[in-house]
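Read the structure below first, then the notes.
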Amino acid sequence: MDRRHLEQLLQSVASGEISPDNAYESLKTLPFEDLGFVNIDQHRTIRTGYPEAVFCQGKTSEQIAIIIAKLVGTNDSVIGSRATKENYEAVLEVVEDAVYYEEARMIVVNRNPKPKSEKIIAIVTAGTADIPVAEEAAITAIMLGNQVDRIYDVGVAGIHRLFAKLDRIRAANVVIVIAGMEGALASVVGGLVETPVIGVPTSIGYGANLGGISALLSMLNSCANGVGIVNIDNGFGAAYLASNINKL
Amino acid sequence: MDRRHLEQLLQSVASGEISPDNAYESLKTLPFEDLGFVNIDQHRTIRTGYPEAVFCQGKTSEQIAIIIAKLVGTNDSVIGSRATKENYEAVLEVVEDAVYYEEARMIVVNRNPKPKSEKIIAIVTAGTADIPVAEEAAITAIMLGNQVDRIYDVGVAGIHRLFAKLDRIRAANVVIVIAGMEGALASVVGGLVETPVIGVPTSIGYGANLGGISALLSMLNSCANGVGIVNIDNGFGAAYLASNINKL
Amino acid sequence: MDRRHLEQLLQSVASGEISPDNAYESLKTLPFEDLGFVNIDQHRTIRTGYPEAVFCQGKTSEQIAIIIAKLVGTNDSVIGSRATKENYEAVLEVVEDAVYYEEARMIVVNRNPKPKSEKIIAIVTAGTADIPVAEEAAITAIMLGNQVDRIYDVGVAGIHRLFAKLDRIRAANVVIVIAGMEGALASVVGGLVETPVIGVPTSIGYGANLGGISALLSMLNSCANGVGIVNIDNGFGAAYLASNINKL
Amino acid sequence: MDRRHLEQLLQSVASGEISPDNAYESLKTLPFEDLGFVNIDQHRTIRTGYPEAVFCQGKTSEQIAIIIAKLVGTNDSVIGSRATKENYEAVLEVVEDAVYYEEARMIVVNRNPKPKSEKIIAIVTAGTADIPVAEEAAITAIMLGNQVDRIYDVGVAGIHRLFAKLDRIRAANVVIVIAGMEGALASVVGGLVETPVIGVPTSIGYGANLGGISALLSMLNSCANGVGIVNIDNGFGAAYLASNINKL
Amino acid sequence: MDRRHLEQLLQSVASGEISPDNAYESLKTLPFEDLGFVNIDQHRTIRTGYPEAVFCQGKTSEQIAIIIAKLVGTNDSVIGSRATKENYEAVLEVVEDAVYYEEARMIVVNRNPKPKSEKIIAIVTAGTADIPVAEEAAITAIMLGNQVDRIYDVGVAGIHRLFAKLDRIRAANVVIVIAGMEGALASVVGGLVETPVIGVPTSIGYGANLGGISALLSMLNSCANGVGIVNIDNGFGAAYLASNINKL
Amino acid sequence: MDRRHLEQLLQSVASGEISPDNAYESLKTLPFEDLGFVNIDQHRTIRTGYPEAVFCQGKTSEQIAIIIAKLVGTNDSVIGSRATKENYEAVLEVVEDAVYYEEARMIVVNRNPKPKSEKIIAIVTAGTADIPVAEEAAITAIMLGNQVDRIYDVGVAGIHRLFAKLDRIRAANVVIVIAGMEGALASVVGGLVETPVIGVPTSIGYGANLGGISALLSMLNSCANGVGIVNIDNGFGAAYLASNINKL
Amino acid sequence: MDRRHLEQLLQSVASGEISPDNAYESLKTLPFEDLGFVNIDQHRTIRTGYPEAVFCQGKTSEQIAIIIAKLVGTNDSVIGSRATKENYEAVLEVVEDAVYYEEARMIVVNRNPKPKSEKIIAIVTAGTADIPVAEEAAITAIMLGNQVDRIYDVGVAGIHRLFAKLDRIRAANVVIVIAGMEGALASVVGGLVETPVIGVPTSIGYGANLGGISALLSMLNSCANGVGIVNIDNGFGAAYLASNINKL
Amino acid sequence: MDRRHLEQLLQSVASGEISPDNAYESLKTLPFEDLGFVNIDQHRTIRTGYPEAVFCQGKTSEQIAIIIAKLVGTNDSVIGSRATKENYEAVLEVVEDAVYYEEARMIVVNRNPKPKSEKIIAIVTAGTADIPVAEEAAITAIMLGNQVDRIYDVGVAGIHRLFAKLDRIRAANVVIVIAGMEGALASVVGGLVETPVIGVPTSIGYGANLGGISALLSMLNSCANGVGIVNIDNGFGAAYLASNINKL
């Protein structure tokens, strides 16, 4: 029940068409989202212009194709994250203008690109192996209407590389730091900038990296303040949070 | 070497007092912070008006008293976090106007309170046992120049409590969600607001809470996007990040 | 807003005292619990006759005394779990008829004992060291209106002890199995009865018991079906679930 | 030795055919299950009408086919869980009426469907990726004689979806909550219903989900009382426990 | 029901005093241990001459005193493990001849010392800090009727110390290896002897020793065959197993 | 340097062919194994008649074939554990009488089968999925000269199955208990027999079984005394230890 | 900006071509590495003659080929670690003299082999399955200009094997100990030599080896002093550290 | 049997006083350390001039006093690490010139201070709370004959602090990096120097620092090569390894 329907219901009570008792019953069991202000996803999409997003991992190609096809009927832009090439091919059969970003593992439909924000999100990686996660963040950030500055392979083991890019990092409104073995990068960047920093540990590495847990713990224990962390390999979530900050 | 000294050096080269070779040697070994733009802590304090902060845990009362006494000589405001009452008493002997917030475990000196930002940081807790961490966040946020709205004990096991406060939560510019056993609160709030959400897992609980690891994992795995996490019990860090976001 | 108030609002719309638009605004921002069917805790207490419960750990004696004193004003019975003797003494000063169960670590006020259910909850422990958790479960179950049969120290290392009590265990409607090192007991009991079994791992033990994690994992991996597990040492939660089953 | 044989033995003693000493020897070494009341599996199958169940994972297709073929000789219904399609094909060669539920990964033989219980088991999932586990629970619950109401994809990140289905969830006698990353759902549902809730963490997710451990810990630490947990991905066990509750 | 009672029952059936049906009912619900061959603990104590053992940790001094006082009424020897001096003093008030081994943390009553086995159990420790666990093993082994050879502080970091004692180690029938940080000792000894080796990891150490988990894992992964492990710090269990081997 | 060579050296010193100084140098640097009593593997093989054993996992088929071919030159019997069928085929090309036990994953050459010990090793499994580990233990035990009694699928969830086999288990000299999810079986058996029990946790299961860690922890925390544990899935090691006990 | 450019800048200031203010601006934002002493990687390669190294895992064959082709343009020697044969084939197409060490999984280009150091690095393994990691260390050490002595398969379960090689181990300047299950070897070697020992835990093993964590913990808890540990399977890093020690 | 005795034995064989057979028997059972080259600890102390070291934790004050008193009889210098003030007072009663370093928790007897090496060991900490571990390293390094340069509180969150001290760090022969939460420092320093770096994770921190495990994992996963790690808080071991490197 959206706003219009609720107003009609109240009008009907006012006009005597519906008794207060009956209206009470309707309202009591009213599905929350039908009030029009609780169907958050829908609401969020409409108000923010954020595209609908589909987490593809764990869904079949058929399911993904059906979902995305349905979403593009009512949305200008749709993102499918963690998508394989095979997923993409299934989507392409039903949505001709779907695009696939292989490194980012993302399917994107973008029929009405929105004007970019002036504010920049810097996306910084420690190594080259962190780039797939960085690209997931970059494509997501762009789709959500942000400008992105990619600064890759500036890990702390050769800290001069980082310093050479410091001006660009400091020019950003928000910084996403993506690092696997070397979770240290989030600490170092956090100590060098005054803007919000979002850390994304990655599962890159071997041995005692424990599938990213090492980098995660390292980032959480950062001595630098002003750093918030998202899940291992969660480039999408980092970009989403960065975009929410950028919109303020 | 600060800006003035660097300019003097360059003047001396210009005037021939110092040869380029000698200047090269000086510059080559120049301590980084002496350039005036790298001594970040100092710089940050001056530019942002953020108070100096001292992490008291693991330091003796004597050390803390000496550090804070020294800092108040050059700073209008100083925060000591994770401070015991005993720490405070040692500080009080040398800094008469130091104040102690027992629940937040913070020592505060605030000689020139700064005007508050219009933007509100909502601090939301799942239970009453999470309040000490929340108060650490609240006092920190206030000291960094923010307005705070405390919304305590609205955990998801009685989700109506949360809904009753939703308007206040949505009115905030940034939301800090603090939860121990019930890390779930970060997910739920993350799904209900469009502003940045910072999750603080707490070590509250017993058994399989693993000293906060359960809540930490729960928050990291949140299905809600737009949520960044800080270390377990790190109210200070959450407020610092929230403040950095608020300043943008 | 409870049912009465909602009906009044709708009457006012019907009578024209309040315009539909204004009613819409009220309803839109209506705190969820005010509808009368969402304020679960309150509702649950009233309808089920379950006492209010306070988790005392992590609260000061003063806080606990204030909370319990307030609750006994509107409730016939109140339970305080994880309460120390010191907590109890603070409560006793303001609630004269509060009783303390030392082994169960519970403070109980029970002004209008309810008739007991015919259905029995068997509470079975592996060892004597598991008894404090068992007593927490027993007192809770009794306070929630159930009959309890305590069957203690029947761990699987001497399995004849268990078999000697099998008739009593099988006579129960629900069985709570409480075991520390010997999480095995839940599997064995689960294989011997056809009623629901609730496993409570305890933190009893040393070395590789990992504070109860061993027993927890052991119970979760039980080959016996029909066993549900609660948190380590959570006697209260087990009794609550058992009582909910008993009420069906 | 079943009841009939035991009675015959005792008759033989009464008639003098067998001496008490010889009978003593027989009874002393009597295999436990032969008394007729201890062969639990057999007994349980006969009395409850529950089908025999085979856990297929870790068995070869040949073994599975042999076991199921043998069981259908003496049972009206048999369930094979964690079965691959390849397992099923081997079974189909020897049991023509075996049916395969691909999503649930179950092989089912059901020659004499039993009347359904009036009582409903609600099966609630956080996401679509949790559905295979949910279907395992659903098929199992149905095979054990229960009615099932499937309520899928109502995770807490969009909590309105859950509220829209609350009436159906509350109409159930038992609720099974299945959630991966978002273990939070068990807490929220546990706070909204008064019936027993069974939580099933799933291994769905990535990064810090740790193969389901995150969701498991989250559920165990739930602040909502009345929730019992089973092993990660154990839809079968959850349905079994729910069915045992339903039968009371 | 012991052997005598079962025989009486069968006689009564033979004589017609009890009908087969009634006898069937009795036998069906017969407590397992009453058959005389299942009450294992009692049986074991009588047959093996092993003393009764009480695990004191987690019991109050009063409970321990009552239990031991009761046991010495029917047993010549009783062991209390993990006992504090305070526990002992409570026991001493009711059992005058109780002895306390402080290093082993054991209370012992030994009224009729049994002749020692010829077979030796070697108890080998890596360091001096492992000695309390070793003494628990030694006192236990002696109480169970074994000879003990204590070989302490021969850790692998100075492997010559071990070699100097190799003849004594090889002279033993069973070897118990007790090591904390240096779990390596079990591997090395396991490679040098042909007798059964029992490894006891200890919680001695700091940092990454994880309360004994490191030593436990190290022992479990030993390349030497013929080594069985017991729980961390479980000197009692190791001696019990060694004694069972010695008795063969 | 074997005994013969050492004796020759000493003869040479006696005859003056070699000076004491030179002999000192030889002896000082004498490789430990050359003394004839330290080359344990060789010695052990000769004295005990134990076959040489090769752990095949992590070696190439070529390496395994070369090693086994070489060993059969000087040994009557050789065991290759953790061998794939592909490993076996490579061995078969060079050792014609090599036999492959598929379930046990073992390659065996046995040219001079030794007389069996009278003493029985009982090998008990909780489920059918534990059988591969059990077969590794069984083949190993047989190759080491022991009699084996296989008692499979007697897990505690249907404890009557175990009791039906108790006589056979009690007839053994040593009992190996192999259990995955249901590590409980080691506790139960440990409480029912007086002979040494060796527990082998297996990696069978899913979810919170953590690759066998659950069963491992469960066995280590067993309340039954007299149980020693080996590594997860280490059937070989369990049989080796059992055989060492049997030989005493 | 290298030394030459910095000197030019200062000359320009001296000659008045550039004002001190402008020079200040240049220097203030000077990329760190341009000072000539911070571009560590480049600097290190030039000064030490160490080859450039590429960690291939997580990079595509195309990326690796491009990187190595580019590096051989400016470097005499290049190492690619964790390289598959497929990686190598891609490199070979663009760098004809690239060599592949299959066991070490390394691609090596070595156009101007440097004279070897006199100092030896001993590389010691516990088992044969540890050899791939050892070969990674060996090839790396050789490429960095060291002599290597390979001493493989001397694990502590047959400690005589180790003693037979002790002279060679003691002759080395640095010892790298590589061990999987048997992390014990690092302790034993650490106790036998006075030179620095570098421990490399490997992921070899099964069950409770936890992918190398067991060996890692075992090595970290070594009672032998003078042992430093690198990441699991990190033969490259161990050789690098050993080489740095050798160069002193 | 030391060298002299072995030579005597061989002389006796040469002179016919002892037969080769008898000599063989003596040599066969010769305790390893009696050859004079295996009693490593003793040997090491004599040859290197390293003091004897006693790990005090887990020993009683009495034991420590006895051990140190005995050692000072035959050694010029003795170190007691992890010593409490109470331990020291017990030592002081028997060794008058024992000195206590409170911050380092070390008891030191140093009767004949040895000349210092020219080579410097830099000891670098991330924070002030890491200083106790650093002082343990510093006192140990000095006692082992090294020069020490203490560079404290230069963590990466304010990286300018580190750069200001870089010359001093680079002037060292070996660098010990001690860091708790901020394990990152080892990576950064490892990338800036060419000398061996030894990382010591500390247990400083809270929450997800897991008692030092976070810093440990972070250091192990360092992208910088040339870094070896010791156990958490193991300042002694780091200094020992550094000293061994310095001695080369």
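Chains here go by letter, A, B, C, D, E, F, G and H, matching the order in which they are written, and residues are numbered from 1 within each.
Note that contacts are C-beta pairs under 8 Å (C-beta built on N, C-alpha and C of every residue); 3 or more make two chains touch, one makes a residue touch a chain.
What you see is a predicted model; the values in this text were computed from it and never measured.
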item	value
Required minimum of steps from chain D to chain G, each step between chains that touch	2
Partner chains that chain E and chain H have in common	F, G
Reference interface C-F: repeating pair among E-H, E-G or B-C with over half of contacts shared	E-G
Most distant chain from chain D by Cα centroid	H
Turn needed to bring chain B onto chain C - CA fit, degrees, nearest 5	90
Centroid comparison with chain B (C-alpha atoms), farthest chain	F
Centre-of-Cα separation between chain G and chain A, whole angstrom	38
Whole-Å gap separating chain C and chain G, where each centre is the average of the chain's CA atoms	58
Distance from chain H to chain A - Cα centre to Cα centre, in angstrom	50
Set of chain C residues in contact with two or more other chains	40, 158-159, 191-192, 207-209, 213, 216, 220-222, 225, 231-232
Interchain contacts, given as pairs of chains that touch	A-B, A-C, A-D, A-G, A-H, B-C, B-D, B-G, B-H, C-D, C-E, C-F, D-E, D-F, E-F, E-G, E-H, F-G, F-H, G-H
Interface residues, chain C side, partner chain E - complex	128-129, 158-161, 163-164, 166-167, 204, 206-209
Partner chain G, residues of chain F touching it in the complex	29, 31-34, 38-41, 55, 57-59, 63, 82, 201, 203, 211-213, 216, 231-234
Interface residues, chain E side, partner chain F - complex	40, 44, 47-48, 53, 173, 191-192, 194-196, 198, 216, 220-222, 225-232, 236-238, 240-241, 244-245, 247-248
Residues on chain E engaged by chain G in the complex (per definition of touch)	126-127, 155-159, 181-184, 187-188, 190-192, 205, 207-210, 213-215, 217-218, 220-225
Residues on chain G engaged by chain B in the complex (per definition of touch)	3, 6-7, 10-11, 13-14, 16, 19-21, 23-24, 27-28, 35-37
